[in-house]
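Structures follow.
Paired with chain B in one complex and with chain C in the other, chain A is shared by the two complexes that follow.
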Partner chain A sequence: MTNRDTLMEQVRDHVAKALGHLDGVLALRRTGVGTAPYLFQKGDDLSSLVLEPRYPMAKIISSLQKRHPDAEFGIIARACDARALVEMAKREQIQPDRLYLIGVACTAEEAEECHCAEPAPDLDPWPHAELFGTPAEGAPPNPLVSTYNEMSLHERRAFWEEQFQKCLKCYGCRDICPVCFCESCALEDPLWVEPGELAPPFPMFHLIKAMHMSGRCVACRQCELACPAHIPLTVLYDLIQQDVGEMLGYEPGADLETPPPLQVTFDKAPLRTEIAE
Partner chain B sequence: MTENFEPKVIAFLCNWCSYAGADNAGVARMPSPANVLPIRVMCSGRVSPEMVLRAFRSGADGVLVLGCHIGDCHYIDGNHRTAKRMPLVRNLLGYVGINPDRLRLDWVSSAEAPKFARVTREFVETVRALGPLEDEMRGDDD
Partner chain C sequence: MEYRNVLTTCPYCGAGCKLYLQVLDGEIIGVLPDKEHPISRGELCIKGWNAASFVRHPDRLTRPLIRRGDGPSAELQEATWDGALDLIAERLSDVRNRFGSDAVGFLASAKCTNEENYLIQKLARAVVKTNNVDHCARL
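== the complex of A and B ==
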């Protein structure tokens, strides 16, 4: 039995116990036809509960909580899921008080794949939480991000123009994003994004998305995984997140108290750099 | 770069300070460039990143966002959001290879007609030096 199998057994045992007092636990279920999110309830066969692949659950638990305003749910969360849940809670999309977090640490290889700096979920923000698995070391950032300043404006434009030209406008990046929840989306507004144009005109579509991700992106890399055109979207999001960190001292998903800086005034989130030029 | 290039500049002016400042500059007959097309908004906080991008997409070579000074906002703190948002938009433009100097944020009160004239003059010269955005997008600039 590998470490990963032992971990899965531990998680299944724990879920079985937790279902004694919870109304359900949101996790992945593997059946003959594939793997999909599933709300495990008392009496369900837990041997079909699996931990892979990574799949963002924040939006699903948000809609479950809204539909069942009194229920207490559990959720299996990796580090990025936990960060996404924090961002969603800050935006009133999740109620942390009635959410039980079953944290699962990612392996070092998984962290490497995602350029993830914190592969183990931080349980501090959560009133009810438990961690499984051994926390691994964080991986270094995407080399493209760390060397980005060396690129000239011309190189950057050439790079992104080539990338964005591949865009099919499938909205997969938005749909998979665990922190994108608006009911009316700016990317579907014909005022900002012309309908029927493929690829979406450079660079409106992608810059609007990037701007909406600032102070919000939890670096789960799901948009990149979902993108059928393999556009390295998180390079842009990582860069803007660095700026948000420097300018506003904000780290998405770190705690439940700090308000999202772009939504509040200077007394709640001051600007650390000079105002205007 | 095109000879005799006259840049198109969209200026988002807040109703309470900058628009009044622009008005006063006109009344006082201070020369300010005709390249600037003003759009009056109720507050600089109304200027969303989408509006800035749309201005560029619609043919602007530069976008100017002017609002009340911090602390003087008619809506108390509307311009706090502008002050946080616009630098991020500038950075994003830079990340995809559009010169961030094509977007400028500044504060002009209703009493600062000379500043309005100066800022618009300066900005038009900046954009003139950068050349048409269209050329930059085609990669003709360097």
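== the complex of A and C ==
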């Protein structure tokens, strides 16, 4: 058995035990037709539980918890799922005290592929959590980030103009994003985004999305993997996150307590109604 | 309580991207791309992402409708599948008998499976006896 097989066996054993007291565990299930997220419950055959590929598990558990607010769920979470869950908890999209985190560390190869700095889930924020797998070293950032940082302003603009020109406006980057959940989305507001225009207005469409990612993007890369135009979206969000980190000292997904910087109001800042008066 | 994903093919174009319908307690709550499919590879266009929205849409036709009578006052009335198919057979036979087989044409669709498209050309050629078979992808 490879290390990965051993890990999978350990996770299956743990899920079997956890189902003794949980209402269900959200994980991936492999069947004859493919692999997809599934809510395992007591009595289910756990030999179909697998750990790949990556799906937006945090986003799914949010739907499950909203439908069944009293249920106790487990979730198999990679490091990025766990970080997403933290940001979602801060925005009342999940209930962390009713969630049992079964963390799985990504391999060094997976970290490399995602340019992931923190490939093992941090259990500290979670009241109930376990970690499986050996934590790997973080991988260096996408080399495109440093290439970009060396570009002139003119070159940067040209770079994104070329990238955004490919956009099919599928909204997949938003639909798959665990931290995108607004009921009314600025990207569907004709005030900001002219309907029926392809490629979408440059740079408004992508910069609205990028700005809304500041202080909440957990670098899970789901947007980039879902993009049919292969736009390097995480490079853009990574650059913004660097600014948020440097200017506001905020790291998305790190802990449940620190309020997200763009979600707090400053005590002395006037509210919009006061300005109107 | 139940959450599972049902694999299906996007109904919108001939590319045939694979997607999962997310089913929570018997209700479709959304779409996920199939990350393992060799063609779509976890990617979808806007139609695929919204492929589930028509399933329970109030405007969706769930039964055949037949327009009875002539002119602007003619109204669509609900019919049974047998009733609708009988009417289609009767009118197609009538047109064919009066004007010949080539007065009839068949429009297939890129949204259908290969097997369904095979059947429609079989119906056109073997039953109605015309080679007038075309499809929406040419439009």
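Here is the rule we use: the second predicted complex is superposed on the first by the 263 of 277 C-alpha atoms of A that agree within 3 Å, B and C clash if a C-alpha of one lies under 4 Å from a C-alpha of the other, contacts with A are read in each partner's own complex, and residues count from 1 in each chain.
The rule we apply is simple: contacts are C-beta pairs under 8 Å (C-beta built on N, C-alpha and C of every residue); 3 or more make two chains touch, one makes a residue touch a chain.
Not measured: the values here are computed from a predicted model.
K.L.:
Let me test your reading of the model: by the given contact rule, A:100 touches which partner, first (chain B), second (chain C), both or neither?
P.N.:
A:100: touches no partner chain.
K.L.:
By the touch definition at the top of the document, which applies to A:210: first (chain B), second (chain C), both, or neither?
P.N.:
first
K.L.:
For A:261, select first, second, both or neither according to whether it touches chain B, chain C, the two together, or no partner.
P.N.:
first
K.L.:
Taking the superposition on A as described, I'd like to know which of chain B and chain C A:244 touches: first, second, both or neither.
P.N.:
Touch partner of A:244: chain B, not chain C.
K.L.:
Thinking of the overlay built on chain A, is A:53 touched by chain B (first), by chain C (second), by both, or by neither?
P.N.:
The second partner, chain C, only.
K.L.:
Once chain A of both complexes is superposed, is A:41 in touch with chain B (first), chain C (second), both, or neither?
P.N.:
Second partner only.
K.L.:
Between chain B (first) and chain C (second), which, if any, makes contact with A:181: first, second, both or neither?
P.N.:
Touch status of A:181: no partner.
K.L.:
Residues of chain A touched by chain B versus by chain C: which partner has the larger set?
P.N.:
B
K.L.:
Which residues of chain A touch chain B once you look at their complex with the stated criterion?
P.N.:
Within the complex, chain A contacts chain B at residues 148, 152-161, 186, 191-192, 201-204, 206-208, 210-211, 214, 236, 239-240, 243-244, 247-248, 261-266, 269, 271, 273, 275-277.
K.L.:
Quick check: in the complex, which residue numbers of chain A touch chain C?
P.N.:
For chain A paired with chain C, touching residues are 23-24, 26, 29, 33-39, 41, 53-56, 60, 63-64, 67-68, 71, 168-172, 175-176, 225-228.
K.L.:
Quick one: in the complex, what on chain C touches chain A?
P.N.:
Residue positions touching the partner: 1-5, 7, 18, 20, 22, 24-25, 29-37, 42-46, 48-49.
K.L.:
If we count contacts the way the header does, which residues on chain B are in touch with chain A in the complex?
P.N.:
Residue list for chain B touching chain A: 49-50, 53-54, 57, 70, 77, 80-81, 83-89, 91-99, 104-107, 136-137, 139, 141-142.
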